[in-house]
Amino acid sequence: MKTVYITRRETFNAAHKLYREDWTVEKNEEVFGRCSNHNWHGHNFTIFVTVKGKPSPDTGFVMNLKDLSDIIKAEVIEPLDHKNLNLDVPFLKGMLASTENVVIQVWDRIKAPIAIAGGELVKIKLVETENNYVEYFGGNEPF
Amino acid sequence: MKTVYITRRETFNAAHKLYREDWTVEKNEEVFGRCSNHNWHGHNFTIFVTVKGKPSPDTGFVMNLKDLSDIIKAEVIEPLDHKNLNLDVPFLKGMLASTENVVIQVWDRIKAPIAIAGGELVKIKLVETENNYVEYFGGNEPF
Amino acid sequence: MKTVYITRRETFNAAHKLYREDWTVEKNEEVFGRCSNHNWHGHNFTIFVTVKGKPSPDTGFVMNLKDLSDIIKAEVIEPLDHKNLNLDVPFLKGMLASTENVVIQVWDRIKAPIAIAGGELVKIKLVETENNYVEYFGGNEPF
Amino acid sequence: MKTVYITRRETFNAAHKLYREDWTVEKNEEVFGRCSNHNWHGHNFTIFVTVKGKPSPDTGFVMNLKDLSDIIKAEVIEPLDHKNLNLDVPFLKGMLASTENVVIQVWDRIKAPIAIAGGELVKIKLVETENNYVEYFGGNEPF
Amino acid sequence: MKTVYITRRETFNAAHKLYREDWTVEKNEEVFGRCSNHNWHGHNFTIFVTVKGKPSPDTGFVMNLKDLSDIIKAEVIEPLDHKNLNLDVPFLKGMLASTENVVIQVWDRIKAPIAIAGGELVKIKLVETENNYVEYFGGNEPF
Amino acid sequence: MKTVYITRRETFNAAHKLYREDWTVEKNEEVFGRCSNHNWHGHNFTIFVTVKGKPSPDTGFVMNLKDLSDIIKAEVIEPLDHKNLNLDVPFLKGMLASTENVVIQVWDRIKAPIAIAGGELVKIKLVETENNYVEYFGGNEPF
């Protein structure tokens, strides 16, 4: 059997802002534009989690998608959905709530549970709007 | 020439919550669920504005789409994009920021400018997530 | 308050075939084409359920979307998802499993529960593939 | 049996421009903007054709989707796909190639063949870009 | 000239189930959940086939997309569309009809014909639902 | 901090044809099919530009998306939108206007401005229709 990549999609809706307390309002607006709005804005985020592995001869599965979905729901959707990324999420506290920073933290939360369930996390894609998304390979640079 | 319907799509990203100050936190959560989160959540909203009319023999247009887009941008996108629907929007002040209420207020803002530009507003569709949207025909009930 | 239309989307995956036992295989293939394949085929179905009403001054809602979702899940998704529309679904027994017939039966199942929950069912859209869908207004003909 | 609406989607790619020979270049640009570019531009058009009727007890169909698809392909896709709407299409000659005008002409081409095949054409939706589309009900105004 | 990757999308609709005859019904349901339903379920599958190569100075093409489409239609769509993946497909006989297994078999069918037509198959993406898909690089692990 | 990939989407609408003046009409049609139509056809093109880098501790950004968008708009959208790819675009003159050739030229235009703005261009995806797209990694072959 050869390596196959499987991906599971989940969604969450959240508020955030891009704002540094140690900068003036003007400086924040200059760098972050409308994303710095004091009273927050928000998005429908979509996350795609990719796991690679060899399909099991027993099941034909790289990993049971239900297990993968359960891990994402417990570690990502539950803490982020209908939340404020700056205020409500312990593992994002003290950092800028940019999509880049979120995807790195999410990686660190789901990598181990996925490994325990028999999969190898290799990519996360986090879509913020129809016009922008980030991808993270655990720091690796495949291209 | 016969009546044709034209639709323009625009998008905005905003924070909101569904919460009544005169209810307890428990009552709010019972009715509004996770949407009542104190610290807000948010969405990528998509709005579709439909205008009907007879195509002009001069232009082939029911209405110039650029004019329609300009009206939506001035009256809807500018005041709502990257804003907090509960806190930042004068014309939504004092009301529950449900998608139903937003679409009614948006109708009242863009109906007159569209009429001045020669079109007749007949429908607004406001998409909150991939799983829900509202439609408003100015209170009319075509079906 | 004026009438607003709200729509909830849900999905299910099912097998079916278009086949009449009282016709020959050839006749079935002539009328139904590849859809008559003896061993079934299937689809990712998407259903959009539209309810109209006046937003409640208490909640800003035409109807609580969670209630609407719960009704669709109980009456449509649970009996149809990962099922064979010809064999597994009591309320489709004895009829051709065309999308037209399914949408009529679904209407009759969800109309009353939605009314009890305070909404008025006015439209169901059932998408079979990216290239075809049906819409049903309870037999009404708005256009 | 009660009335159901069925819709078939097809696509075509075409060039066009919005330009009047009896206007100056400046006047064309003022009215039609970049769409007046002398050397043409183009779109991936998507057309949705909706037919209503009562499902046949024999087939469960309002109309065989294959027949509907064949009519659209013969009358719309074949003459418009990979064509120049201003230069190559006899039934669009001498008119402004606006989406409004195209949809009206398409209606007149497919209404009779659909009726002969047993369906009643009630709506055409023609999508030009993700940001705009037109709808035509044969001149009727359902809302 | 430098290497470019081109991708062609095709679709097919099929029934399948995930079920092992050497397991009890209970064991099947425990592992495969609703996917083990005895009477099948189905999906609208979407396949994306990616080929790499240097654009020909003669045509500007890595490979003629029509040739690529013809190969996919002959080798994948024809044998799988409106079929039962467990029962109707010789090259899937005797194996679990998981998306992982299907994509591996499809690779082996189209690799040689694509090579003969001058292209190098490098990736297949097979989408089962909006929430899950698999990707296969012929066993290679680019990330 | 570890490497993250960010992607920005933009769109443009353009006309083109695939045609060689040194070939007969018949030869052009044999190779390029309907794409060789003398009077042009067109598409809604969608471009996805991917940049990699380490998120800045100051901003949480790999690169400011507004800067990336501005570069794409200036170097790609402005010269290509509502244009004829064969006639109106200096940097495409004298070459076949295949999607492969376009993506290579676009790469060369935006690589340096992105580098100046602090990012590293690593991928461009150019979507011509829902059924085909090209990807370019600057000639690199990550898989």
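First chain written, first letter: the chains are A, B, C, D, E and F, and each begins at residue 1.
The rule we apply is simple: a contact is a pair of C-beta atoms (placed from the backbone, for glycine too) under 8 Å apart; a residue touches a chain by one contact, two chains touch by 3 or more.
Here the structure is a predicted model, which means the values were calculated and not measured.
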_Contacts common to chain B and chain E (chain labels)_ = A, C
*Within the chain touch network, how many edges lie on the shortest path between chain D and chain E?*
2
*Pick from A-B, D-F or E-F: which pair repeats the contacts of A-F, with over half of them the same residue pairs?*
E-F
*Average the CA atoms of each chain to get its centre, and name the chain whose centre is farthest from that of chain F.*
C
*Same or different: do the copies chain E and chain F touch each other through matching residue numbers, with over half of them shared?*
different
*Would you kindly tell me how far, in whole Å, the mean C-alpha position of chain F lies from that of chain B?*
34
*asked:* Using mean CA coordinates as chain centres, what's the gap between chain C and chain F in Å?
replied: 41
*In angstrom, rounded to a whole number, how far apart do the mean CA points of chain C and chain E lie?*
29
*Got the chain B residues that touch at least 2 other chains?*
130, 137, 140, 142-143
*Please list, in label order, each pair of chains that touches.*
A-B, A-E, A-F, B-C, B-D, C-D, C-E, D-F, E-F
*Which positions of chain D touch chain F when the two form their complex?*
11, 13-16, 34-35, 37, 39-44, 81-84, 87-88, 129-130
*Which bits of chain C are touching chain D when the two form their complex?*
18, 31-33, 95-101, 103-104, 130-143
*Could you please specify the touching residues of chain C with respect to chain B in the complex?*
1-10, 50, 52, 55, 59-62, 64-66, 69, 122-123, 137, 140, 142-143
